[in-house]
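Below are two complexes that have chain A in common, paired first with chain B and then with chain C.
Showing the complex of A and B:
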């Protein structure tokens, strides 16, 4: 596990949105080689740095240029890199995804933004039949260095068609890499890694962690794929949490500590490849595991982790692996129903208590 | 400027003279190579040496051959549907690894991982070989985007069937190509049937390119796809247009002599229709034209035939003798 707790999620101070930038690629310099950034700024900074380094990178998507991104992740990139490299597309997901596959086959390194991963379903054929298979079915002749990014998971009160978490869905297909960062440090380092390798990457951001802030180094760093990160150390139960659920897991862990249950929170950071070894190592220590994700329960990431844990450390488990997921219904609009659909802290607490027979 | 629609009219003798003896003979050889390659593949399929799908281009050879003659494969990209054998051969791939691919061998074009529908050429910029109807169209658009981005002066030529024209990717691609002035050429090879469904039962207009291009602010050309001279002349014009940074939509009215794939007996069309189109065989017509021009004799034609059959025989032997891929290949190339 890399650098556990090296960059605490509670920075010394928050960004003052009245006087300081809240988006764009420039972090707020804190001195001592550290800067304060949000997840949104961290991703923008990674894009800015890599686009500066590599002229074959372009960004295309709906509203990414003149509007600065629907969620302002690409703020300022058009001004700096120009319209050749930061391109507003028509609403044509299948078109611009397929275009990116063709561009990747001919020497470019495309970044495409899905305004929301929900809209990637329109481009599913291009992602699955073309991007994910191309290197294999050409015998390695045409790798696809492609980063597909945008927010995944439920936004606030946007109901059924805008609330899918797609980690499990895209992890199903060999050939894709699935990245799901939960912090600014991870988001920046993983994006830089994504832009330096040659596979199609589903980079799953989350609207509701875009504003999460952290102190990160100003010096360049990369975060490798397939390395889980310890977000909190504990001894009684391992909580494996993904993306936005890391925050909920940490909240739950705070509450559980009050009743004497010490939780370890592990963030896989990439779902594919999955660092099952680090998860298993943690479970061998705690003997209990609860997986928290925003995907559905059936065929979810938790189902996969539970199955692999059964194979790897069956004898170490003192309780069945718990799964806290989005409940098996399309996302409803009503506030109380939405609250109960999501894997929020109260459900995590219940699942951990069950795993601990409390 | 060619008179574009409804059907491009050309003077075959004038075009023949413009092409010249050597170039025309080269194209004749290429068309014959494609035909004989596929005929032998069909036989091998019936002998169970090849499995899966095998979609043959027999009858349509003049379309791709005329276009490739104007391309510089070092910078121009091409791609097509699963009916892709001709494009790979025209992009410069040797028949041996292509036949070995059909046989599922380790020496195959893509190491036995693609089969008939997924031929590619790295050196010839042939980007597939695509199995999902219409899936290749935005990819071809991307190759044109790349050429413009990098300033190579290259163009992309995306071949698609009439059956792909109702797909959303077709319309999305035309919109992007026209909007961004991409050097993209789209060639609809209208062979009258999308699998077993006649084009008239699937597409709301008779002349697809003419009807759709105007809707996207693009130029279009429609021509007799069974005639190499028409194909060559149209390709000459549209490649020049695309090089100047303008997309073009082209429709070749062509015909496939075989079913949708080898397993399709094509009972949805009449014998009379098939026989009529066979009298228009694109390869036979060029042979007669070469003889008429005094550029080829019957004896010379025999010689070419024998050379090509020899090459195909070598390819079949190479494919038969090549080893299957090792099981260790199962997980290679899943990731780059």
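Showing the complex of A and C:
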């Protein structure tokens, strides 16, 4: 049986897009200290609260100011904080990332938006060689309090160059924190924690999770890094799912419950640091594990989790750790092929059944 | 629900076994724990307890057949609407896959004889090797690899004291998984020690209880015992015996015996190989293949080897004539035929009179060493002891080995110590390189 989550993912009601705002920093007040927000609004709210709290925070990126962000995550921030703190950049990721590293070195707290993390690849040298190494190479003189954010993973039908999930890629390098929230509650709390960090953070959002809604507290809260969250309690198999895959894992768990397989769904929330202890504790209970991620299989987050589980709880495993990932091909444009490429519920169900010898 | 009863692995090394007899038949309703069949493993005959209950709707392995572990032996059904024909078809497909060829359905008698081979190492792949030389052999599981079991299943099995060798794995390739152990724990069928019958049972020592009886038993000497007594007394008192002992490293010998026994219809014993080796060694050392006649010694070119055979009333030494011209197989056949005749008292005089050399083998009793009395007019006799597992030194390393002691008793009137030693050296070299016995 799944225990009720502190903040259920099925809110009492959805946002009425005809009469209520669907973006911006203001949630829809439900009374009793609760508000209804989407992921998009939750991130905006975190930015708004922290920019209000700390004047050194500023936002820069393509279309973040006048257009309110390509995905409207920064809606209203230009109006409230002004052009000095919400800055439209040219289409030059390498340039504005380098600029942000320099700004962070001088004491500011930049937030840069990649319209998509696929575009961060042209800024790879700035991220890997400068942002993640500067504090180390200057003997601690220049910490880099930089938040790099934007959607990662496959949007619908954006094909092979614009569908990358980058959790595994960026968590490979020491010096970067990698955050990958799946819910409004987590997105807000994690973004606020990111904005108080003195180290560079890759904040990986997901275009297809932006509209997910949840009731969250109106009171301020933070979500710590390195603490996995139990999204569903179960006894037979632990599903570790990341970002958008959490929704798919929960759908799969619903289906599997119908045939008597009780799944526990754990969301690590931060890939680096990774809360392997909570995952291992769950696996010690269920004896089986399937990792679901949008990254590729080779060198993916699932590969890392499987390896660490083998080290930590080998004697508790009843089956090899399963991995459901994006299949190792460039993302096809065709919708039916995209469906088969992604780690969708039907593939999760098959992997869990295999792990349970069913 | 359809429940397949899979041929169990009743010992860690078992990869196949003979289904000796069914204790249930089609139509029987059984409970979990019912003994459904008897299985001959590579070590013993054991009862097979069903792990589940149900109605026996099909039996797929005939009594007397050899079956691979995990073959579907029988099918149980628990519900009226079970699709039994489909279950049978599936089981047959499973069995065909495991068998790899039709040979597995053949009665065991057509294959290498596995029973009565308590002292013989198991030879799992023998049937396929012999009967289907060209077909792909069934995927032989590596002997000694042990039980396939998931880590957590092993952990739980240890906690519940469950003998995993008795648990049938339902995972891929027969892997025992957590659910299998939980089921075994529930039924209690695989508790450690619960199935002593599954292990080779050690025979009890038979010792007469001491009692106050003062009775005496008088046994008159039979004619045979009188002759034995007279001749051996003469031998032991009149012949100047001397004894030379040699230790033979027998690992290769055991291995070649095992390999020879892979052949269909062949059952080679260590004794057969020793007779052959002795026959060859005597050709090199003719002084020992001789008879002593007071003022002369006759050397015999032919190695006519007397083999001591125990019979109810004493012992007799039938002869393998011209043993140096015979193959190991021929020697074995002949020794067994002669021994049978000896026990039945049907030996013709020509079959036990004469002979140029005697072998007395007490190896089957596992004894350490002994010295025999010369069988006159022969000039030497070889006493063969048991093969022992011992540490041996090879290339400066202590490793596990097998050794066998042989002691030659020789008549110093005809043979000197150096002759005896040279003969034993040749014998040892032949037995330690036993492929030479096949040349």
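Miscellaneous remarks
Just so we're on the same page, the second predicted complex is superposed on the first by the 354 of 358 C-alpha atoms of A that agree within 3 Å, B and C clash if a C-alpha of one lies under 4 Å from a C-alpha of the other, contacts with A are read in each partner's own complex, and residues count from 1 in each chain.
FYI, contacts are C-beta pairs under 8 Å (C-beta built on N, C-alpha and C of every residue); 3 or more make two chains touch, one makes a residue touch a chain.
Keep in mind that what you see is a predicted model, and the values were worked out from it rather than measured.
After superposition on chain A, the partners chain B and chain C are accommodated together without colliding.
Residue contacts after overlaying the shared chain place A:245 against neither chain B nor chain C.
Contacts of A:357 after superposition: chain C is touched, whereas chain B is not reached. Contacts of A:92 after superposition: chain B is touched, whereas chain C is not reached.
Within the superposed three-chain model, A:198 lies in touch with chain B and out of touch with chain C [touch as defined at top]. In the overlay built on the shared chain, the residue A:314 is in contact with chain C alone; chain B does not reach it. Using C-alpha centres, the superposed arrangement gives chain A a vertex angle toward chain B and chain C of 110 degrees, stated as a multiple of 10.
Of the two partners chain B and chain C, more residues of chain A are touched by B.
With both structures placed on the common chain, the touch criterion links A:216 to neither chain B nor chain C. Contacts of A:57 after superposition: neither chain B nor chain C is touched. Between chain B and chain C in the chain A overlay, the least Cα distance found is 34 Å.
No residue of chain A is contacted both by chain B in one complex and by chain C in the other. Across the complex, chain A meets chain B through its residues 58, 84, 89-90, 92, 94-108, 110, 125-126, 129-130, 135-145, 174-175, 177, 197-199.
Against chain A, the residues of chain B that register as touching in their complex are 77, 79, 108-114, 118, 120, 122, 125, 127-128, 130-132, 135, 137-147, 149-150, 156, 168-169, 172-173, 175-176, 179, 332-336. If you check the complex, the residues on chain C that touch chain A are 150-155, 170-172, 177-179. Across the interface of their complex, chain C is touched by residues 287, 314-319, 357 of chain A.
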